[in-house]
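The data blocks that follow each hold one structure.
Across the two complexes that follow, chain A remains constant while its partner is chain B and subsequently chain C.
And now, the complex of A and B:
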């Protein structure tokens, strides 16, 4: 088990846009550098990239919810 | 005046600015705030405050019901929208009025009319204000396009009538190119939008952005001269001046008079801005749009005229008449505003919502800082990155730039990355000094690595 943390404070999004599916869902493989979500900070959208490899378990941060830098966004099974 | 309790439906530096104006008029202030903004400076400065919802702007500052019901609950008699958020939302202006309060700005009909590009263009044309020359409507054939292009003048932009987002736009330098491009554009428009109708407009290369500040009381209107706002990045202004450098006196007089004519034509009430594109090659200017609110850069107009625009707009909203005639508004010296954003200019302007450390704010004659910071304040990440504005005023443009450089070097905000290094580099740049820039200039200047180059040359030391 490993967690992906938010690099920045802001609003976290699981999806590239409201109409689309989440970046990752349970069982997806995750490589280093894969985008797993977006953080909106001061009207700028920053892609959150995974710094670890594994199998996607679940999002720990709610879609469109405020987050702080360092908050856990998602959980992977190593 | 009919306003005793003013509700501020905005945040950040403009909320602080509105409180100062209200205090000077003896008006009580009520500050709206989101859950993320309970510590902001204007909440501390206002007489009263009320939470209007969660951090997300769509559930707080952009929620018409939340804002209006909070204003009613706090027994406000007027609502100031600031800029951004609901400031140019006709439904909001109407909701405020329907709830029995005064909206500090023009009425909903005017906001709607000037907010629509097509109707605003019609209003401008009817008032005799130049608009970008273009076809009156759809152009159906290549021969028609060639005929119209001859009257508009080359280069012309060929756009899909049904299009948007820049798709299908071509620029023709002459008739040969036009005859070549028009059928391509038509086919592309048909494929993309199911409609092959075209629209022609004169292409203006490297225009400058010039705008005129106006004030109206519903009958009379006056102008407070022009502003130069060409230094932009991603269509966001970063540096603004009053007045505009290198413009002929006759052109300035024409720009300002056209703005007053337009304001009178719509019986404008409140503070507004008429925006123009200015073509340096031909000396011609064209109306682009009217902003029916106070703008971030209103400060430079205040500095050169001595008029407090925010007080004026509150006074007019409260039923007051303009108490200045045009001939009493005197232009005095030159003013420059630079926007201090919480962004790292050396890291692609990455936002930096940190905690404010030790601050040292420049002071002195002709130096003004409008901001919402205090030591220990945690900048919330949910809104735009504007921290404040540094404004300088001096007898001449050269002296203003000198004063700006001194003030920027004195200005310290600990704990944050800001755009101040960008402004130091710009103030040190030869083209900026000479006033040789346009709306496409800054992004090219940044892309060419000039920020780092200027820093290496020691401008930042």
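And now, the complex of A and C:
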């Protein structure tokens, strides 16, 4: 198990836009540099990229939830 | 001597204490959002308190030094690393050419200030090196820093390591905040009940908050006193005939979400302002993270001025401690 952490505070989104599916779902493979979500702050949406490789397990942060820097966003199986 | 920017974080810019004197022609005062933090960082490394340093919001940059220097980091609480080894905030330390400064995840607060002995030596624009990105003025080519930039540093001298701001004089960001407000010229435009609600309600910092303004959500909408809108004012009751805005003034477009105008704000417009955050609390505003709970507290001019004096006294004490 390994976790992806938020690089900055803001609002976390699991999906690229409200109508689309989440970036990743259970069983998806994740490579280093893959986008797993968005953080909205200062009128900007910042892509959160994975710094680890593995298989996507689940999101740990709720869609549209307030988050702080360092919060766990998603869990991967190594 | 230069700083090599390896990674610019989210938004890292060159700031000093700004360029007061041009607001009447639409150019904001600019400068550090947390002035006391920048002034402290500068004094720690032997610079003039108003020298230009780096302001980084929410994420630290990664920087390589091309020459030995003394540096200090103040403001938000964030782990500081030199070549991967932890260093203390609010304390001077020396770096050698080739060493790299980086940061871990932000803990509390929003903005860090990095001062380097000698200060940043970019060209002065209208009396200041502060970056005003909207106007492409000052700083490094009028913009935020980007990876690959080489930022010039003035001639400085190394200072002893371990110079520190006494803890009692540091103003640390907190998880919730009380901001003091002096009601202003247009206070009469809202109902008495709305005025009371504004101070009773709990507000939260909206994620849009930036150097121009800090927006808040969560309190009850304001009700306005009925009137026939004067010629030149828009039809919305939160509109006025255009007026001047001041640093710290609070506008509430549509009566719903208050916005505190900060260092890079517009200088005038057609929204009523219900008052202003007192000058002594503006540095705190610049350290608020999104979603932080905030309450506004009404003060009178006497309390505002005494708070301003207290803040000045803190700066004097820091200056004396680092003399």
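Basically, the second predicted complex is superposed on the first by the 78 of 78 C-alpha atoms of A that agree within 3 Å, B and C clash if a C-alpha of one lies under 4 Å from a C-alpha of the other, contacts with A are read in each partner's own complex, and residues count from 1 in each chain.
Definition applied: a contact is a pair of C-beta atoms (placed from the backbone, for glycine too) under 8 Å apart; a residue touches a chain by one contact, two chains touch by 3 or more.
Keep in mind the model is a prediction, meaning the values are calculated, not measured.
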Simultaneous placement of chain C and chain B on chain A, clash or fit: clash
First (chain B), second (chain C), both or neither touched by A:64: first
Dominant contact partner of chain A by residue count, chain C or chain B: C
Which superposed partner A:7 touches (first chain B, second chain C, both, neither): second
Colliding stretch - chain B into chain C, listed as 135-143, 153-161, 189-197 or 387-395: 387-395
Chain B and chain C footprints on chain A, overlapping residues: 8-11, 41-44, 46, 66
In the complex, chain B residues that touch chain A: 36, 54-56, 342-343, 350-351, 353, 381-385
Of chain A, residues touching chain B in the complex: 8-11, 41-44, 46, 64, 66
Residues of chain A touching chain C in the complex: 5-11, 40-44, 46, 66, 68-70
Residue ranges of chain C touching chain A (in the complex, touch as defined): 10-11, 57-59, 105-107, 110, 207-210, 289-291
